[in-house]
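These are the structures, in structure tokens.
In the two complexes below, chain A is the common chain; its partner is chain B in one and chain C in the other.
Showing the complex of A and B:
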């Protein structure tokens, strides 16, 4: 039998959990509302375009997290898929004359197909070698796109016509803002669905201990490859959308290692294990980047600042800012004193189950 | 024919430089299971210090090695003691890549700050001289850079093979726990090994600056080939890295004749992907290398 104080404790724990869920839902709705309403509140082109840029960061960081978050394989070269998506869309529109959004979908599919052999090669190794391969892939693409001038425009760049020619500039930004927001919502939904699925469980097992996961029968190679392709596909979509929005491509910017580094920084800062981590990181880091660019122009300073921030995140909060802050608060709160890490409520439930199973 | 000989000789000279640069990376990986992305940023830093020394004092830039080698050794020891050891062992390899990547960004940004993005070149009194070698004209600066690389590699070999410290270092690389059991202070050995690796970057950077125009973002051009070399050779294998460096350096130089400079660079990446498909642990690495 359960005594009165234990019942009280169980109820308190349940209400606490319910409150936390409610708070989370409210915070989420508030964030979504802010994101949806933001473009209606301003007519300033600069603010709108900054909003698009930050959503672009959020899309790429979330796309990165399909690989980095689930499997723990950190790719510093996801700019490759962004650039391929952007150039794929651009070339299909300019050279083949395909309509913009069809070109976008085709380009993203092409990126997914390209990611298959790259993924098979890269996933044969783990850890550091994997990172090396991803960096190498960006560098090789940069070289190729710079030298194939006749197709890609080379260093001179590639210009796209606007997909909505009759829209004025602010409306152009506003439209793309909502398209980006829609893409982000779809990606978050997909991430959430995978997170709860058996497939996602396998991927997370790879992250925690690949050898054990394999020995337990998780098809690690196939699972990693699927996550890799999915990640490349979404990042490619982000790149293609960027090409349609910005309308001007340059190999140096599309295949820049810095862009890959930003994705990693944003995802790590926000927390790779949580659904909204990369979005949070993109909001914080993206705003900081845009602020510094507006204040100080394109100086070498952003390299140093990015480097310092990345070093701090890697050294002090590799799990992301939320667990780090939680840990800080936990220091001042009551310390966990019991050696058995099990609450009274759990114990009571366990005892009840035991009693119920007795004949 | 003379073009071929010329390219072959230049390829060998280049391969020697690559071998030195890759040996540092191999050392870091051996002692700490760390891949040092910032290695090439430190190369460029050393090159800038050599240039700064030469323009300020008017002396030969090679003399800057007297300062940069000990300085880089100390920086390397500090880097390992203060930063790398703070990382969690479980994710050390992956996180060390990110940490050293951050260091590379900081170095690049600071170089741009202090020396601006202007392209620099060190001037030598023998800068434009060349000597005939097997019917080919070889610039003196390239020969000096190669000699520097060979000297540094020789010194590294002597340290590793003939000194007590070198023995301890190799023991730490082969089996850390066993090395601890026989009384080696592996922490200290690892940090000295890290310092030694960075000291090779000082030599390599100076050699590199002898016949190249330097600018802050140059390190991206070096990191790819160097990383490809250590993966092809097999992470952690010094002879493997040296052989891969030679083979790839010569291939790059020879491929420049039909393909031009840009496409010849892709030989590193092709080699990297072929290695991963055929032999993921590298051609000279053990089975272990695949896991890092």
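Showing the complex of A and C:
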């Protein structure tokens, strides 16, 4: 029996939802506008390159979220795919003479292929063991790339020619800014498509309770592997693009645990369940990192700041910023009744009906 | 259409604990089969081995003619065996409706990339939600449901996969008498529609009224089986289970 007051509540909840949707759309359009217009507002090379760096963070955090967000498997070693994408692109350009963007595409595909056996091995374990396997992989790659000097440039690094030799410095940054933005848009679209799909539903079931998902017939092994490969592929694309933009590769920076930790931090901060969570996290953390670096130099200070930020997030917004803000909206918006109240009302109605049917 | 489930010489130990010992059981297709036995007699472990959740040390499980002893739980589920858990398991952060949409049967590639919330799947989910009586909670987050409602949700989720054999681990555990009545009526209805049940249950009244065939476990072994009246009168059962 749905009575009048419940209908009213439902209506109010719906109005609230509509309000929230409108607020979200406006916020998104504003964010998109800022991201698109930003490079036109400045000629300062440093600002433009910082923009590229932050978009690079956004791409890697969003790439990470294809695995971490959907399945809840936390990889701390995603720098592995970034580094492989970067070096793959670099080696194909420098040693094989392939044109830059073809090299980028090939390198990302190679990363995806490498991710198959790695994924099969790593996904056999869950939780902390999975985290450790991912860290081990990136450390192994670091040692390998440092020692294979003749191909990778070793610790001395690998230098790539600029893909657009005619562009002046600021235009180089600006061009790459838009390429990164395009890649980010494609990734967000892919994440969105998966999020609403049956495949995505299976992945989210894994995040909630993997064994339960299996008992319901979700082919979790295959689904996790596909998510893992996609995640590696996109992260590899980000790495390759970085190689073309920055032009200098060093194993210590490309295969660093810190970079993997940043991806996790950014995604967690923004919220791994939200499409735009990692992007938002990357904007906040990326700006903070770059600010600290500019202000205090490349000291350990920004590491401490990052650590503090992570602690704050985990303690006060374990779901990330987006759900926290939504919660705030909900608190000030119209109140929906709790489920328990509805069921209590139902029970009362049932009882009444029983009572009435008695002679 | 009735799918068979046969278990032969199944054993499982945890360290020194012999949870299931050389258990051979063939369940009656199309019937309500019950497994009873004291706490710790290996019923849940037996369930977990049969459904592929844990790997048996020895023995074979045959489902619909397939040897599924080493098959993954998801394959076993897709072959038509659904199960619930002793401590009810649902997806707490999903809505009631989404909980069911996870379990849609037979995903093809295009199906996998299609919308999870397509009208066909939603319509099917609503049928089951209505049948177990929680359709009005469709949009609620599952973690906000009462325990009894969560049990019904788990059952609806299992049914969403359209299983021919349904294994329920203590379906009446921890729920109020009114709900026990509703659950047992549902089992009866679904059985009448041709679904085979294997039910682990402590509530003897329920077991005796509901089941066609009873298997008694004691210390990891099936020690007796037969129709409820027959089993109830078996001296070994009285000794092991009822402690007489």
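Quick note on the criterion: the second predicted complex is superposed on the first by the 307 of 359 C-alpha atoms of A that agree within 3 Å, B and C clash if a C-alpha of one lies under 4 Å from a C-alpha of the other, contacts with A are read in each partner's own complex, and residues count from 1 in each chain.
Please note the rule applied: a residue touches a chain if its C-beta (ideal position, glycine included) is under 8 Å from a C-beta of that chain, and two chains touch if they have at least 3 such contacts.
All of these numbers come straight from a predicted model, not from anything done at the bench.
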With the two structures laid over each other on chain A, which partner does A:192 touch: chain B (first), chain C (second), both, or neither?
neither
If we overlay the two complexes on their shared chain A, which of chain B and chain C does A:201 touch? Say first, second, both or neither.
second
Contact-wise, after the overlay, does A:214 reach chain B, chain C, both or neither (first, second, both, neither)?
second
Determine, under the contact definition given at the top, whether A:164 touches first (chain B), second (chain C), both, or neither.
neither
Is A:291 in contact with chain B, with chain C, with both, or with neither (first, second, both, neither)?
neither
Tell me which of chain B and chain C touches more residues of chain A.
B
Touching A:304, do we find chain B (first), chain C (second), both, or neither?
first
Determine, under the contact definition given at the top, whether A:147 touches first (chain B), second (chain C), both, or neither.
first
Can you list the residues of chain A that touch chain B in one structure and chain C in the other?
none
As the complex stands, chain C meets chain A at residues 51-53, 72-75, 77-78, 82-83, 85, 89-94, 98, 101-105, 107, 111-117, 121, 136-137, 140-141, 144-146, 149, 157-158, 160-161
Of chain A, residues touching chain B in the complex
72, 74, 76, 120-122, 124-129, 131-133, 135-137, 139-140, 143-144, 146-147, 257-258, 261, 264, 268, 299-308, 310-311, 314-315, 318
Complex contacts: residues of chain A adjacent to chain C:
2, 193, 196-202, 204-205, 208-209, 211-221, 338-340, 342-343, 346
Which residues of chain B touch chain A in their complex?
29, 33-35, 37, 83, 86-88, 91, 93-99, 101-106, 108-113, 117, 216, 220, 223-224, 227-228, 231, 235, 262-263, 265-266, 268-269, 272-273, 276-277, 280-281, 289-292
